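Each remark here refers to the structure printed beneath this line.
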Amino acid sequence: MLDWLKAEVFQANLDLVRHGLVTLTWGNVSGFDHSAGCAVIKPSGVQYESMSARDMVVVDLEGTVVEGKLRPSSDTPAHLELYKAFPAIGGIVHTHSVYATMFAQACREIPCLGTTHADHFNGPIPVTRFLTEEEVRSGYEKETGKVIIERFAGMNPSDTPGVLVAGHAPFVWGTNAADAVQNSLILERIAQMAMGSFQLNPAISPLPAHIQEKHYQRKHGPNAYYGQKKR
Amino acid sequence: MLDWLKAEVFQANLDLVRHGLVTLTWGNVSGFDHSAGCAVIKPSGVQYESMSARDMVVVDLEGTVVEGKLRPSSDTPAHLELYKAFPAIGGIVHTHSVYATMFAQACREIPCLGTTHADHFNGPIPVTRFLTEEEVRSGYEKETGKVIIERFAGMNPSDTPGVLVAGHAPFVWGTNAADAVQNSLILERIAQMAMGSFQLNPAISPLPAHIQEKHYQRKHGPNAYYGQKKR
Amino acid sequence: MLDWLKAEVFQANLDLVRHGLVTLTWGNVSGFDHSAGCAVIKPSGVQYESMSARDMVVVDLEGTVVEGKLRPSSDTPAHLELYKAFPAIGGIVHTHSVYATMFAQACREIPCLGTTHADHFNGPIPVTRFLTEEEVRSGYEKETGKVIIERFAGMNPSDTPGVLVAGHAPFVWGTNAADAVQNSLILERIAQMAMGSFQLNPAISPLPAHIQEKHYQRKHGPNAYYGQKKR
Amino acid sequence: MLDWLKAEVFQANLDLVRHGLVTLTWGNVSGFDHSAGCAVIKPSGVQYESMSARDMVVVDLEGTVVEGKLRPSSDTPAHLELYKAFPAIGGIVHTHSVYATMFAQACREIPCLGTTHADHFNGPIPVTRFLTEEEVRSGYEKETGKVIIERFAGMNPSDTPGVLVAGHAPFVWGTNAADAVQNSLILERIAQMAMGSFQLNPAISPLPAHIQEKHYQRKHGPNAYYGQKKR
């Protein structure tokens, strides 16, 4: 079942490696099929070199394996919480990409310091709080999803397609698996550039709001004119 | 028309990727033909892997598409302003290359800290001001070109073939598209080296003027003796 | 003799290069066979390109060459001390990998700043003291091993599979040569991420203990559930 | 003439690029034949891709071109001064490699912070003074060589096979062209590691003298035991 989605998710996992966002097996991508109500996700701890599309695991929203011989990624419960809470998204990526993780470890949000950021994320990239002992005990990965959702109260996850989990690393999403991978790469570059700008100017101010707004809207607004016309 | 220039501009766009100056589609190169009064530029938001020389778009100085099926880069109006104001240039590059963008975001010019800089840029690499709300509203990309031109009042754009747009990223130019790409790579390395030198010595002084002058003149002056004799 | 171990150690040495952990010949891997009481180690100062599995040198725990035409790595006595003191380990790696070496030179331990660290190392990555003049004189490489063992008094080397030798570089170990190489790569990434997190937040606190514990145990504890079931 | 040396120098120039030490044409290698009293050096400003061993230029110690159709590197007079003053050396490299150049621009010597440094350079890597206006006017490249020689008064260039020219970049040497290239790569890594160690500990002390001495002597002293026996 969902062979098309397995193919997409498999390719997206490989692209994550190709973009240099993954060391060893520290990354996973899932995709979601709204009609089937199922997610397809990378198996846990499997080497990328020996993985094939058929190894992708199909799980329902409760985390039950619907198809697949391997264990799904240990982060599956976090992915599922996000699919339940953010109905507009169709793909999720989790990595420990180096620069985004530096910010997550330092518990610092990434303010919008330039148009590269404004082109893709509408406002700062937020940081969650740490999970409590009780949350860690009761279901660590599921609670990781919940703490992200808590952080997005009053925010539109389509405008800000990613978050830094405090002391951990980024979770990033998109309309599908490939889009989520692209947003992960963008977040990593934004984080790297922000590191350097902070070094050059520790008291740096965010990009003026009217320029932030312009850049985001020219790519994502109702009158977007970046790129080619959608067919 | 202008097939030779399409070939040049196409190759220059690929070289930008090869030099590691571009993430995703964050970069564009144009070339200008003075006799035709037309620029050739990359199409907007097209993947480099699927692009061919025939996809390059020909536009006149008013921005009207003279030939080409795709939309030109959304930054086209900025390129055209520069071709109109700086008649000596024949190629323009815009990237969000990582180190140069760090300086642009921090709104810090890059002083001449060493001979690598002095060999290629005569003096600091300047930063523009931010665009006003009115400028953003009335034509963002065109006004980006104008704010660069304003910054170069009293300066020779051939001596300083690039600029950092505040909160945005570099624009770099040259005698043709390939030359502009080379200057983009040079700017990126200069920016990286300057980052490190500032870290080692926050109170660093610029290179003494007599050494700056010597290096620039031995490559670009009337008695230049670097490289082979031009045939 | 021990051809299987020579093949493993040879491959592990190549992997070290492939992961970007080695400049020139600044790295060596050994493996240990408990039944034979012998270690297999890279020859000293030999280029990786011209090396073959047959060049690996077999030494006993006293450092006597049991088989092999080439001199073993000059660091062999350090490896042997560790095999004698840490009976649970089966592979050792020594590199001058860039980020881990920055910490070793600065004599700073790497605290656990995030889950990447907690997934693999249980607690901070320690730094040894400097060797004394007497220790340097009496047998530098052997004493390097001893100063590591001294630093691990009261610690479990399987929980913390690596150390920074003050003013020198990391030594890392594992259950076999391949595992030790993987731990070396992990240490290098942890060190790089810690550099950046310190830059963003010089007063950064370690990851809360309950999250550290959770991450380490889900991968390494008795009820570990990360990865696939061991067959 | 000197075809063997042209082949060596050509290969050494390519190796410089392969090691990532060169951007564009910012690097040159020469080799010296003591019996002929001639140096072989890279031509000026020629692309590495289109260069062949036959393009290498033979010059005598006065800088007269003895063989070759192309202009020698503009830095040739600096190389020749060093060959005249340092009779033990047989190869010289000049690059603008990124990390070493950061130190040169910041006019900071690189103290010996670890054994990587101590293994290859006996003591700090020194910085020259800036050239005076008079020196720049009278023969910039030749005076660059002289200011290096001045800095090495009382020092042994074989113990410290490289220097940072203030505001410029490194010059590195060795027993032949390949050895000089290797020392350039080592200097670059040492510089990168020192950058990071300074960031982690701005008040860092040099490696204790007894460890510096040990590491240098085990590789370069009369009783060196690193590597294989010389045949």
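Order as written gives the chain letters A, B, C and D; numbering starts at 1 within each chain.
Throughout what follows, contacts are C-beta pairs under 8 Å (C-beta built on N, C-alpha and C of every residue); 3 or more make two chains touch, one makes a residue touch a chain.
Source: prediction; values computed, not measured.
Q: Which chain's mean C-alpha position is the greatest distance from subunit A's?
A: D
Q: Centroid of subunit B to centroid of subunit D, CA atoms only: how many Å?
A: Whole-Å distance between the two chain centres: 33.
Q: With centres defined as the mean C-alpha position, give me the subunit A-subunit D separation in Å.
A: Result: the chain centres lie 46 Å from each other.
Q: Which subunit D residues sit where two or more other chains touch them?
A: If we look for residues of subunit D contacting two or more partner chains, we find 195, 199.
Q: Quick one: label the inter-chain contact graph as line, ring, star, complete or other.
A: It is a ring, because the chains touch in a row that closes back on itself.
Q: Can you work out from the touch definition every pair of chains that touches here?
A: The list of touching pairs comes to A-B, A-C, B-D, C-D.
Q: In the complex formed with subunit B, which residues of subunit A make contact?
A: 113-116, 182, 185-186, 189, 192-197, 199-201, 204, 207-208, 210-211, 214, 218, 225-229
Q: With touch defined as at the start, can you tell me which subunit B residues reach subunit A in the complex?
A: Those in contact with subunit A are residues 23-24, 26, 43-46, 70-71, 74, 96, 98-99, 101-108, 130-131, 133, 136, 140, 167-169, 195, 198-199.
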